[in-house]
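Below you'll find the structures, each written out as structure tokens.
In the two assemblies presented below, chain A is common to both, partnered first by chain B and then by chain C.
The block that comes next holds the complex of A and B.
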């Protein structure tokens, strides 16, 4: 793994995002809206509140994460910047890992910021239930981003990329979502799921390896 | 040593549209070649294929030196740089941040950014966001980006678009006086194309219709060849 390339792309993406705030703000606000809808729907329909935080959290991540990943890639396409990355004398696998780290940093941070809101909306204890959910949450987001960084490139050159990306991406992340949802559900009950964490680690390893190996073929026009 | 590039019977088809048909030629990366042709003649496509970011539908492009074929794409890309009408620079970074990013990407150390910007008359703009620069300023910065890694071969796709007369003269003098490598220059400007080349490729409807040395043709002959239509039986 090329740490220079990773830090270079990460610094560039963070600097860009700090100035424009378009990806983080749009994803986070979208998540906030979903949480509010969940909260008001639940309070008005006598649904068991204890079962909702996990569902709400992962629906927020799945939808706003999809928007965020698509926007990050669209931002790369402006001015043909992505072509410049393709032309760089760098191994495509390393470019994939660098893009993965940059995307994970943004989406990981957004998902961590969702936890206090989940705690507030659904009365969860911050030091036990929420803290225990962090490893499963981050591993789930990592798998989500590992697949998304790959699929966003597959769909980028099509005329309907904004529709095609979620249609391809969301079915592919189902294994990661199932494992991550189970993991955080157990955490919200105050327990820790080693099995869930192990499954998520394996899925991450599989998808990151696939991305590393396949990225070169996807970069060709 | 600059590499030898061989284009061998290259076809490129997009959906059902032929962009290139049976294009074959050889050149050294130190040569200065102008590519001319009408819109849709395949000029930009051949640049992307030489840049190794597009695969031909049929045929091949190969790179070689005295020791044999060079197949390592990273090694090949290290020797080339692309400058097109798309600036390939990030709108939310400043001019200087963009150049620092691309120097890092190409692993270029010890760049005197101020001197590079001064060359294209952009020293005053180093801390301006790229999106706040005018079209001409963006093109000048893009020019600096393309030359940062001191490439052996520049792939230039309409490099002077958006520039004023002074800007064009400045960039041309950098290319002629300072830059030591070769280029493939795509242009619609006949006189610029003639002035900046040792060799010409004239493309017509996807075919390499003429491959000429500057020493063999006058400007008048070159213009006349560019404007001659090939018979339909050759083009189909």
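The block that comes next holds the complex of A and C.
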């Protein structure tokens, strides 16, 4: 693993995001809007909104994360930035890891910032219920990003990338989502799910290995 | 006049028809009705019979995609594509026969448990694998990206099988490689299941060979069109 390349690319992506704030802000605001719609949809169906913090959290992450990942890659295509990255003398696997770390930093931070909102809206204890959910949340987001970093490049080569990306990406990440949703649900009940964490670790390992090995084939022109 | 020989495909077709007939008779007549579920359980032979070649098809997509990326020989892409199409058809049969069994047994057509959801997602993944090809114009790129997606998609298949053990679900425990308290015990039921599995496996092979032939004919036709258009340009 080339840590220098990873840190350089991470710094580039974070600097661009700090300047534009477009991905982080739009994803976070989109999550807030989803929470409001979710509230109206739940209460109009006579569902107790207070019992759905886990559902709300993962719906926000799945939708805003998909938009965020797609936007991140689209931003790379401007001015041929991605082509320049492809030309750089580097191992493709390292480039994948760098993109993964950058995407995970953005989406991970956004999902962590959602936790205080979830705690506030759903009256959850921050030091126990919310704190216990953090490992499952971050591992879930990591798996989500590990596959997303691959699929966003696959679909970027199609004529309808903006539509095809969620269609291809979301079914692939559902194994991670099922495990992560179970994990955070147990955490919101005040317990810790070791089984869920173990499954998430295995899925992350599988998806990151696949990404590391396969990214090379996505960079050919 | 010399009669054309049946060939391997003809032989497979004869075996398939014979196996299908025997499997049907065994599942509907010879095997006893389930003590608790009654006759509706008989659909299980075809339900499980379809998911098995579905898994085989998706593992072949994995194998063929790896072979394509290693060799860049288009024949592996065509074989993987044909396998993905056939796998998608078998997955559709599973998703149709499942609710037919679920309605009288569970009282609902669909239950959102991990196994059912995962099977639906497996169907969606391979639909995505088939769809992706329609939206990439460049042939080499299409083959390469489909192979990568095929490998990622097929890696989810083990999760589908083991999902019933990881989470508490409504779906019955696996019959094959299941726990001691799961599975069928009556010898005639086991025979019906084995015959259905054999028939659907041969059906997969027949359909996959036809699909590969079609994909190869399609590729030949595209080559001929290109050559014809080049000749017309020269003229």
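What we mean here is this: the second predicted complex is superposed on the first by the 211 of 221 C-alpha atoms of A that agree within 3 Å, B and C clash if a C-alpha of one lies under 4 Å from a C-alpha of the other, contacts with A are read in each partner's own complex, and residues count from 1 in each chain.
The working rule: a contact is a pair of C-beta atoms (placed from the backbone, for glycine too) under 8 Å apart; a residue touches a chain by one contact, two chains touch by 3 or more.
Predicted model only: the values in this text are computed from it and were never measured.
Asker: Please work out whether A:19 is in contact with chain B alone, chain C alone, both, or neither, and reply first, second, both or neither.
Answerer: Touch status of A:19: first partner only.
Asker: Using the touch definition from the top, say if A:134 reaches chain B (first), chain C (second), both or neither.
Answerer: neither
Asker: Name the contact category of A:109: first (chain B only), second (chain C only), both, or neither.
Answerer: Touch partners of A:109: none, neither chain B nor chain C.
Asker: Examine A:83 and indicate which partner it touches, taking first as chain B and second as chain C; both and neither are also allowed.
Answerer: Only chain B is touched by A:83; chain C is not.
Asker: Which partner does A:147 reach: the first (chain B), the second (chain C), both, or neither?
Answerer: A:147 contacts chain C only, not chain B.
Asker: Check the residue A:32 against both partner chains and state whether it touches chain B (first), chain C (second), both, or neither.
Answerer: neither
Asker: Can A:91 be said to touch chain B (first), chain C (second), both, or neither?
Answerer: A:91 sits against chain B, while chain C stays out of touch.
Asker: Going by the contact definition given at the top, which residues of chain A touch chain B in one complex and chain C in the other?
Answerer: After superposing on chain A, chain A residues 220 contact both chain B and chain C.
Asker: In the complex of these two chains, what residues of chain C are touching chain A?
Answerer: 69, 114, 117-118, 121, 124-125, 128, 131-132, 135-137, 141, 144-145, 147-149, 151-153, 155-156, 159, 163, 166-167
Asker: Can you name the residues of chain A that touch chain B in the complex?
Answerer: Those residues of chain A that touch chain B are 4-5, 8, 12, 15-16, 19-20, 78-81, 83-91, 219-221.
Asker: In their complex, what parts of chain A are in touch with chain C?
Answerer: Going through chain A, the ones touching chain C are 147, 150-151, 154-155, 157-160, 164, 167-168, 171-172, 174-175, 178-179, 182, 195, 199, 203, 206, 210, 214, 217-218, 220.
Asker: Applying the document's contact rule, which stretches of chain B touch chain A when the two form their complex?
Answerer: 48, 51, 53-55, 74-75, 77-78, 80-82, 84, 86-93, 97, 101-102, 104-107, 129-130, 145
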